[in-house]
Structures are given as structure tokens and as C-alpha cells.
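By written order: A, B, C, D, E and F. Residues from 1 in each chain.
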Amino acid sequence: MDIDSGITAWMLISTALVLLMVPGLAMFYGGLVRTKNVIGTMMHSYAAIAIVGVIWAVCGYSMAFGENILGGWFGWNWDYFFLKGIDSSIMEDYRIPELVYAMFQGKFAIITPALIAGAFAERVKFRGYCIFIALWSLIVYNPLCHWVWDDGGFLYGKAIDFAGGTVIHISAGIAGLVAAFYLGARHGYPKTAMHPNNLVMTVTGAGLLWVGWFGFNAGSSVSSGLQTAQALSATQVAAASGALSWMLIEFAVHKKATSLGFVSGILAGLVAVTPAAGDVPVYGAMILGFIASVICYFAILLKNKLGYDDSLDVFGIHGIAGIFGALGLTFVLRAGSGADSMLEQLRYQTEGVLASLVYSGVLTLVLLVFVDKIFGLRMSPGEQKAGIDHTQHGEHGYRMNNLV
Amino acid sequence: MKLITAIIQEDKLDDVREALIQADITRITVSRVAGHGRQDDIDIYRGQQIAPSLIAKIEMKIACNDEFVNIAVDTILKTARHGEGTIGDGKIWITPIEECIRIRTGEKGGSAI
Amino acid sequence: MDIDSGITAWMLISTALVLLMVPGLAMFYGGLVRTKNVIGTMMHSYAAIAIVGVIWAVCGYSMAFGENILGGWFGWNWDYFFLKGIDSSIMEDYRIPELVYAMFQGKFAIITPALIAGAFAERVKFRGYCIFIALWSLIVYNPLCHWVWDDGGFLYGKAIDFAGGTVIHISAGIAGLVAAFYLGARHGYPKTAMHPNNLVMTVTGAGLLWVGWFGFNAGSSVSSGLQTAQALSATQVAAASGALSWMLIEFAVHKKATSLGFVSGILAGLVAVTPAAGDVPVYGAMILGFIASVICYFAILLKNKLGYDDSLDVFGIHGIAGIFGALGLTFVLRAGSGADSMLEQLRYQTEGVLASLVYSGVLTLVLLVFVDKIFGLRMSPGEQKAGIDHTQHGEHGYRMNNLV
Amino acid sequence: MDIDSGITAWMLISTALVLLMVPGLAMFYGGLVRTKNVIGTMMHSYAAIAIVGVIWAVCGYSMAFGENILGGWFGWNWDYFFLKGIDSSIMEDYRIPELVYAMFQGKFAIITPALIAGAFAERVKFRGYCIFIALWSLIVYNPLCHWVWDDGGFLYGKAIDFAGGTVIHISAGIAGLVAAFYLGARHGYPKTAMHPNNLVMTVTGAGLLWVGWFGFNAGSSVSSGLQTAQALSATQVAAASGALSWMLIEFAVHKKATSLGFVSGILAGLVAVTPAAGDVPVYGAMILGFIASVICYFAILLKNKLGYDDSLDVFGIHGIAGIFGALGLTFVLRAGSGADSMLEQLRYQTEGVLASLVYSGVLTLVLLVFVDKIFGLRMSPGEQKAGIDHTQHGEHGYRMNNLV
Amino acid sequence: MKLITAIIQEDKLDDVREALIQADITRITVSRVAGHGRQDDIDIYRGQQIAPSLIAKIEMKIACNDEFVNIAVDTILKTARHGEGTIGDGKIWITPIEECIRIRTGEKGGSAI
Amino acid sequence: MKLITAIIQEDKLDDVREALIQADITRITVSRVAGHGRQDDIDIYRGQQIAPSLIAKIEMKIACNDEFVNIAVDTILKTARHGEGTIGDGKIWITPIEECIRIRTGEKGGSAI
């Protein structure tokens, strides 16, 4: 079959929209840290786009979508090496040039390690971080992606993971949790009050993330038709209801609704609906979004009790809402989607979640130890006091009001 | 000549400034500072209440001739207070000035104030 | 007929573009207020996306596009309730999944109440605001939308309102005017100088609004063809000529062209061309944009004289340019568009404008009184001094340079 | 042939994406100057959108794509005047409404003069600037565009310039260089340290530029198929490898990787791949991006030695990477693209580069002298000290932390 | 009564503040300043190293009764130093206060401190 | 020892700082303040001219030994003036310092300045 210009157009723009999530995430995270770390935190997102962006084109696509090797640990296909062999191939079933698909998938590979960075914000060295995400992308992300989305993968076709609940949010969430434990808390945490330096930017970034998520979820249909529309609607409604839910909780608890709570609710809703987007009706998405915020809210309260320092709540939001979404979607699937019985589907979903949790959790720990020992990852208290921006980048984020 | 330094709450800046102008004290210099005292000021961050270690305040400096000191202090005392006085309303201190010069003209002493 | 993947792609992306207007508007308005109100002002835009976003999916689409009930006051269709019945319907005439259409229209419902917020910036309680926009969306927006855009609506097919001049800008503009009068001025206005806290953000936001407006206007063609291109061109040219016009006026009056004037001109041009976009040729759009800025400029000067406090000039720009655009388009219509005689068309346009002004104006007043009395809307002078951010949200927008 | 809705959709959205580059560029440049000039610098980008936006619709499209007049200096077609004659024409070969094409091309005309502004940031009068870019657009850009992209143009079909290396980046780069020399350095340069006021905004702006560049390059295929996908992939990969390359250099030289270096690398990669995007395979784009950063890095070091004040390195990045990309693409062309022999192609490329350098360089100088003498362009040292924002626009960019 | 003014490095603010509180000096006022002295602080801008003409510092003001001056000064000296003392660690100066008033209550003199 | 406090216009900071360094007064502390005096500073907001109630200024503090006071003051007077002196050029005042300590070394008195 020929290329379909409409589908191609939507996949091209979806790729651009997912790219928009990188500045979106950089703004979101960057606004939440202290002034002295704003550039460093944004660079965590941006570095991913360069490092993983190159890795993906070189060998990532091959590892994720090549034929099984090493017993299916990951894939390989020399045609995909440097994307050389697909320069002009057309995907018959999707009716798009394969390069678009490779680029769209590449954005997912980029965004995932960038998400993790929130868990160890304000305390890692930039060089170590760069090496860590390069390795993480190769060893954790690419295999996971292969298992779930390549038709040779052992989880393929069982667990429903429309746009990356297990592959992306759960794997990033647990990696964040492990990193938060391994690296320990920021100097001064939790005694010192650490205020967001620029909530205005965080709120703006959340808006861009929402926009980008349309590409993320609706693009995952790899079409431009009914399911695309369904995925977009589910995304929109889940985000709205997640935000509403968090706002109502805060009204109830504090009599004030914070903007940070609001945008956290947006994220919780978006994450929860990600694995489900193309397979749940609108009211299902609404329910997922609503409950996700409730669960995340209390998960974060619990974290504050437990006292570990998942600085920007990567596990608290991406991990928790990701797990909830992956399991919860079972109960609100569109009639006809998924396995015959709900129970069977739930088992598949649980398998997917566990695979991601265990694989990503264990390998992340190994990588952290490796990188920290060999290259150095954790910043010293003195460096932390001076800030990432100055010590790692030789810059200052803002000088708009300074005399210096 | 004296230098009056007043640390006041942010939201009282306009009121104090206007009252001073009414009292014919039109020349002042103001800056942002942060203070630690007995006051609290709670923000909410993902369900947690966090109190900053320092609270935003305004510092006001008035260089004036000795006969104006009482008027200035009284004006500030009256307008910078919240209600009958609330913790955090701030402080005034007075230090001596030995010389004062207007840059524009080079005038010195009391007339340069 | 089947789904057309190209049209669907354009409608999906138009939906995303209109969503981009929410952070755009939040930045635009947020930059214009004083520092202590920046978060609260941005939340006015964001809250709409959650509250109206949910309402629209639950019953808004049904009220707007269902069959006439209550003598045509609004519509209703149980199939549209929770969008359940349209989960997989295709719109034959547009060749897109109905869900996309519902989502695209939903963005309009979201943006409209968010616009109003600029008129009473810096002085309303967040809880009251949330209730107000929920009711306003239900009682004002949905019926108006039904009248003009549903084929059962009594204004349908007469007044030309391509992308929402009457439904959106005029109704929001007059609502803002009424609110500004009902709520009274901000504490200290106009004696105290109230400087924008972040014009840089306002200018950036205007840029995003322009981009989003392409989805807004060109998406309103519900196609991806000639009229779409015409609407996009009209939008582009009107915005440019609006900005140019305002800039020239300021050069003439002040010998300086301000950035705020420039972006106000962009908005004036965009608003004026909104009802006309698909039905006027490029030079017509250029004229509309150019004149809109002139009229708005003087309308705002007049407001300053009259002394009421439409804080961010919602009526001055959206109301005035909206009315001008709705009436003015009559004179620059593409040959063959509209009614047989210009006079007849002008009568239709006037009807549409009046319907919107009267209906929105009166109902807004009722809602304001209701919400203010029952839930409380106006902030006390003390709260206004302390700022919305602290009193309503328990947050501070920026701490980038603070010691606290 | 009929309109293809998919291609039209992609061209519409490409137009919107290129528009997004205007706020992107405004943020990028705006963040790099000193606080007192931030609004003025952003307005340099925005003014282009109004001024050139109007000029393009009036006569720009006609000059660029009309039939040869004056011996082919530029084109003219009365049908294109005010775009009147193409209101409903369809381009048979591209299968899109001609208006979309006109608007897409118009964005290029807008962005080009906006690029130049970086070279004389912080020291020109706004009125003079407006007149300069209006004339530059008419006399420099439109003819150049005609030569390269109109089938009557004398460079058409020889030099490969997929998305505007010669027409846009080289012509803007050399114009910037000439302007930097003609206008002289900023007051205090290089003695006074001039720190970027808001690197955070610069980094964010670079993200938006990357997103917009997808429209810029992939849109230049004027299709939605294989070549579009190829162009998008090349763009993505070149940007990533450009950023990576600059980061590695800085790690090697300073042991610190700056965010400004990173985003400069993004730009270098994007600029270098622009003329090549549709005609080089992924690995070719990767090589171009990688080398472009190396060359630009050392070009800027050289500039610092030479001491002229190309404030934001317009020549150092757009000029240098543009020239490198235009020539370098010869060596990495996809098999079958370009002339029979590499040498012949290199000659064509060199011709294109030289034509752009000479024509733009000379005419820019003429225009600068003219505008400076008649209307005044350079700000006095006193005005420079007070800042563009206050003297030219009567505004201040930020007041978020001010008491005033 | 004396006014102690200390110019310290940014990263020492928390330490000094906490040490003062330990020493029972709980009321302070802090502000951002920039200083020129002997210290350097290099940024990188596209391959160039640039040194700002002014370096960010923190100014701390403590109004205190005479008997507290030594404790306050010693505490600052001890905690504001980097290691054995690094260029740029800053300076303390002491000026006389003639009167001090608490705005909340109107109290004057030593008890208002 | 004296403390010289000068309130000057924003655009004169560089000039004054450099002139002081020329005059061998290399240690200064600078901060942003806002002042109310006789000066106006107009912005335009949608066709309206608005004057802020406070105008941005720079405060410069120099602790110096008595013999340097005149040089410092003269240098500031000369360089901080716009032309023959413009409204808003600012003010200088001088207050006594009782003690001065360098944090890095603990040195006291005149040599610590």
C-alpha cells in the first residue's frame, strides 16, 4: 500500500509534539528546584535529547525493534544500524515511512530518562548523569521497549500498554525511587525549606506537557482515525479530571488549592491514562484521572512521612499513577478490548508492571553503583551549597535583577 | 542629622510611604530584605506545609534632620501596624549621621537632606 | 463516507493548538498583573481547563449540540452524555470521528471563561471564581454555542460567525465588562501605579496565542482544504496588520512603540478576524486587523477616562474587536459569501452581536450576584494587599531572587 | 488533481510550527542580553512578524514567486499582489491550496530579518530597525528567494538548498556581520562583562526553535510522505549531534558543559542541516551536525580574538554553519541526489553561497548607511546605558522583584 | 545598642543564621547585595571566561544590646569562614544605634531589640 | 572609620565603581534600592503614561578609614552626576563605624577595612 499523507502528517506532528515535552519537562522541573540549580535541572532534560537522540539513531531503534537476540533480551537488525536500511522503507500496515515511526519512538526513548532526573534533582554531577542516562537508555529502556512493543517481545500483545505506562512511566518511576534511595537526600533535606524558584515556569511547563501528551498518546495509535480520536479524547479528559480531583482534595484539606497541586493532578491524570488511552471510553478515562490524583496525593504524603528524598516526586507521580493506570485500565476497558476475562487481563497487566518494576529497579541500581564509583555521581555538600549551575555548568540561570 | 531605618511588612509599604509624604517627609529609600523574628508564613507544597526560614520584609531608610525624627517615627508607628499590632510588624532603629551631601548640587549638611 | 485521515490529522492538531492557547493566555495575563497575583491569574486560565474540560465531556457537548429542548434554549441528547454514544461515530459530512469534533469544540468552551478572568484580575477569590466559571459555562456559553453553531440554533446559518466572534469574544467581553462594574475596581486603582510584573512573559504568551489561533480559526473550517488555507491566511494577515497598526499609532502618539501595545494589536487583529476568517479574502482580513487596532486603542483610552477597572482590557479588546469584526466583516466578504444584500447580512450580524451582548450580559450579572452572595467572590482590601497567590493558593510565583 | 487533505494538513501545521520559531527566537535572543534590553531584543523578532508579515502579503510573494522582471532581479505577478489572484487556486503539483504555500514561505521571509537582529543587539533604535528590516526584506530577501526557489531564478535547480541555507541563514549571517562592523561595538564592549539576563529563557527558546524547525525543514518538502520523513529525521539527528558535539568540546576544554554551549550546538546542527535536510541520509545529517558545532565553536573563539561585536553570534552560528552545511552536504548526499559528479555539485553549492554572501553583504551595507543617515539607527552611549527598553519602548521587562 | 552589619558569602547564609539562633540571637534582617573586593567568580560564555565586576553577597543586619555584640561577632566569624578563610569571606562592621522601637508595641530601647 | 552610603542612579554604577577603583578604593558593597524624591520616570501602558511611586536606584556602601572619606566622596560626586546635575542624582551620607573585622582573618580595626 502507498503512504497515507494524512497519517504521515499526524505522525510527523506527533513527533514534534512529543519533542515539545522536552522543554515542557525542563520548565516543569526547572521551576521546582532552587535558583542555584535551575540550569542544571533543565539540562537534565535537554541532555537526554542529545545523548539519547544520537544513541537511538545509532543503535536504539535496532535494539528495540530488531529481531530477538540473546534469547530475546533485546533486538538487533543491522539494517536499523544508523537507520541506514530504512531510509526509504514504507511500513505497509501503518502506511507511513518507517523513518517517522523511528523518530516518534525515539522521542519516547528520550523523554524516559529525562523523567528520572526529577528524583535526584539538585545533587548529581552532570558528567555522571550523562553517562548514567546513556547506559540506562541502552540497558534498561531499549530492552523494555523491545519486550512490550516489538512483536517478538515476550510481553507483546498481552499487557495493554497503549502509549507507554510500563515502558516509560513505571520504569522511570522505579528508577527514580531507587536512585533517591541510593544517592540519599539533598544536603539539608528535610530540615531546610526548599522553595520552588519559579512556579510560574512550572505551571507553564505543565501546559506544554499537556499539549505534547496529545502527540504522545494519540500518536501512539500510529494512525489518524477513530482510535486516534479516542486516544486524544481520553487524554484530554483524564488530564482535566486529574487536575480537578487534586484541586478538590486540596480545597478540602487546606482550604486553598495550590497551582503545584493542580499541575501535579494534570500529570497524574496524564500518566494514568497513558497505558489506557486508545482502549478506554471517555468516562473510563475520567475515572482513571480522578482516582490517580487521589492515590498520588496520599502517596506523596506517605513519602513525606517516610522521609526519603524523591525530590520532584518522580515515583510519587509517574510510578504510582503509572502502576495505577496499568492495572486500573482493566476495569474500564472499552467493550471488546483486551482479553476475554477481566481477571486474565489483570494478570497480564500485573505481569507487565512487575516486569518493568523488577527489571528497571535492579538494573538501575547496578548502573548507579557503577557510574557513581567509576565516574562520580553524587555532588559533595559543598558543591550542593554552591549549586549545580555554578559548579557543573559555570553559569547562572537568572541575572535579571542582579547587580552582578 | 539622623538615619531612621524601619523594617516593615511588605503590604504596608504603600500606606507608610503615603503617610510620610503627607507628613512632608518626601525623600526615602526603600529596599527588599528578609527577616527572621517571631513571625511565621506558611506555604503549601504538595500537601506539606513549609515555613520559610526568612520572611520578606521592606526596609525603609530616611535621612532627616533632628527635628523631623519624632514625626517620622510616629508616622511609621501609626501606619505600619496591623490592627493593634501583630507579630512581625517590624522595627525601627535610629543611627547618627555625621554628614550628608546632595550629589546633584554638592550641598552639604542639613539643607542637603 | 470513510474517515479522511488528512482532515482528521488537521482537526487533531487544531485541538492541540487551541489547547496551547491556555498556557498562552495564562502567560499573557499572568505577566500583566502584579507579582503577588501572578500564580492566581495564571490559575484562572488553568482552572477553566479542568472545570470546563470535565463539564464539557459530561454534558456541555450535549447542551451545545443536542436537539433543541426548552424551546431551543439549549440542546440535549442522552447519547452525548459523557460522550458515551459517540465513542465511535463518524461525522459523514466532515469525514472525521465525532470525538475529535467534540474535543475541538470543547477547547472553545474552555478558553471563553478563561478570557473573562482578565476583567476582574487581582481581586476575586479562587473558590468563587471556580464556581462562577462552571455556572457561566453551563448557562451562558453552552446555550450561545447551541444558538449559533448547532443547526437547530435560532441564529444558525444567518449571522456569519466562522470561529466564534459572537459566541466567544463578544460574550466573554461583555461578561468581563459587567463583572468589572459589579465587582468594582481593585484596591488602590487608579491611584496606585500597577506595573506588569513580567512583560517578557506577556510577549511570549502572545506569541503562543498567535500560534494557537491558527488551530482556532483554521480548525473551524472542519476540513483540510481550501477554506482552511483561506482561514489560516486571513488569521495570519489580520494579526500582522493589527500589530503594525497599533505600533504606528503609538509611534505617532508617544514616539515610542511599546511591546504591550504591539501584542494588544496582535490580539485585536486576531479577535476581529475570528468571525470572518473563512469568509474574507486576504486584503479584507488586512483591513479588519488594521482598523480593529485603531478602534481598540481609542476604546481603551476612553476606558481610562471613564475610570472603571477592566483590568486587562477584556472588553476593550475582545469585546470591542469582536463586535467590530462581526459587523465589519460584512463589508469585506469574499464574493459569494453571505446573504444576497450587504444590508441583510449586516442585519443578521447585528442580531448575532446583540443576542450575545444581551444574553451574556444579563446572565453574567445574575451569576455574579449569586456567586458573590452565596460563596463570596470579591477579595477584601486586606486580602488584595497580601495578594491572591498567598491568600488563595498558599504559594509565591517567583523566588528566584529571594532570600525567603 | 484535487487537494490532498493530508499534505495540506502538514503544510498548515508546518506554517504554525515556523511561526512558533518567532517567540522561540525572541526568547533565545531575549535571554542573552542584559536586563535593560530584554523587551527591545524580543521586539526585534516580533516586529518582523508584523512588518514583513504585511509586506509579504502585499508584494513579497509576488516579488519572490512572480515571473522574472528587470532581467530576473526579482519577480512580479499582479495576481499575487495582495494575494488576490490566488484566493482559491490549487497547486497542481503539490496538491495544496496556493495560499498555504504562500503563508509557509511567508514565515521564512519573516524569520530571516529577525535572525539578523542578534548581531546588533543592544544598540539600535527601534524605528530605524523597523525601516531597515522592511527594506532588507524587499531588496535582499525577496530577490534571493526568487533566484533560488522560483523556477525562473538563475540559481534554481542547481544549488541544493532544501530549506534555506543560502536564502536564509547565510544571507542573514553575512548581513549580521556587516551590521556588526558598520554599527561598531556596544558601549563598554568588550571591557564590561555582559551577562545573559535569563539563560533559563534562552534554553527554553532553543527548545521551541527545535520544535519549530521540524516545520521549517520537513515542511519544505511540500508534501507529507517519504521525503518529509527524511527531512524530519535529518533535522532531529543533526540537532542532537550538534548539541552533543558542543557539549563534548566544552567538557574537554573547560571540564564544564554550559547550557548556552549546548543550545548553540543545537542551533549549529539545525542550521547546517537546513540546506541538506531532504537530501541526506540520517548518518549524513549526524556528521553535518557534529562538525558544524566544532567549526562554530572555533569561529566564535576567533571572533573573540578579532574583537568585533557580533553580539549574539549571528554570523558565528548562522553564517558559519550555513556555509558549512551548504558546502558540506555535497559529501553526504543520498545516492541519486544532486548533480552527476560531486565536483560539479560543489561548484553549484559554492556559487549559491557566494551569490548569497556577496548580494546580501553589499546590499545590507547600502541599506545600513541609508537608514542610519536618514532615520538614525545607532543608539548613543547614553541611550545604551539607559537601555533599549526604557528609551525605545517606555517599558521594563521584569518588575517581578522590584519595588518600583 | 549596636548595629552589626556582616557581608558574607551566599552559601554561608544558612549556617550563619542557624548558628546565631543557637546563640540565642534570633532577630536578624538579611538582604542581597553585591560586592567588589579581591575575589573572582568565573562564568563561561561561548568559550570565553568572563568575570563579573561584582559578586553576589549576603548582607546581614543585627541590632543588639551591647552585651550581645561579642557573641554575635564571634558566631559569625566562626561560621562564615570557608575552611581556614578564603578570599571573599567578607566583613563585619559595627555602628552605634541611638534608639530602637518595636513597631508592634511601641516599646523603646534595649527591650525593643 | 566611617561608612559612606551613596544612593545613585542605576546607569552610573559602572562609572562610579570604576572611578573608585582608580582612586584605590577597591572594596565596596552595592545593592538595589528604590527611592522616592523629586524625580519622575514615565512608562507607557496601553496609551496611558504611568509614573511609578518609586524609582530604581543603586545603594553603594563603602567602609573606609577617615583619611579616605574625602577622596571617596569627591570621586562619587564627580562621577555620579548627570551633566551639571539632574534631579534624582542622589545623595551621600556618612555615619561612624566603631569597629570593623575581616571575616577571613579576624583582623580588626583600620587594617581590616
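Remarks
Following the convention adopted for this analysis, a residue touches a chain if its C-beta (ideal position, glycine included) is under 8 Å from a C-beta of that chain, and two chains touch if they have at least 3 such contacts.
This one's a predicted model, so the numbers in the text were calculated from it and none came from an experiment.
For the pairs D-E and B-C, the count of C-beta pairs in contact is higher at D-E.
Repeating the A-E interface, with the same residue numbers in over half of the contact pairs, is the pair B-C out of D-E, B-C or C-F.
Both copies, subunit E and subunit F, contribute mostly unmatched positions to the interface they share, with under half of the numbers common to the two. Separation between the centroids of subunit C and subunit D, computed from CA atoms only, is 33 Å. Averaged Cα coordinates give subunit D a centre that lies 44 Å from the centre of subunit F. For this pair, subunit B with subunit E, the centres built from the Cα atoms lie 19 Å apart. For subunit D, residues touching at least two other chains, in rising order: 4-7, 9-10, 13, 38, 192, 195-196, 198, 224, 254, 256, 258, 260, 393-398, 400-404.
Along subunit F, residues 14, 30-34, 43-44, 52-54, 95-96 each make contact with two or more other chains. Contacts from subunit B toward subunit E in the complex involve residues 2, 6-8, 31-38, 53-54, 57, 59, 73, 76-77, 80-81, 85-96.
Across the complex, subunit E is touched by residues 1, 3, 14, 17, 21, 26-32, 61, 63, 95-106, 112 of subunit F.
Against subunit C, in their complex, subunit F makes its touches with residues 43-48, 50-53.
Residue ranges on subunit C touching subunit A, taken from their complex, read 3-10, 12-13, 15-16, 19-20, 22-23, 26-27, 30, 38-39, 42-43, 46-47, 49-51, 53-54, 57, 82-84, 87-88, 90, 96-100, 102-103, 106, 126-127, 130, 198, 201, 224, 392-402, 404. Of all residues in subunit D, only 188, 192, 385-386, 393-396, 402-404 touch subunit F in the complex they form.
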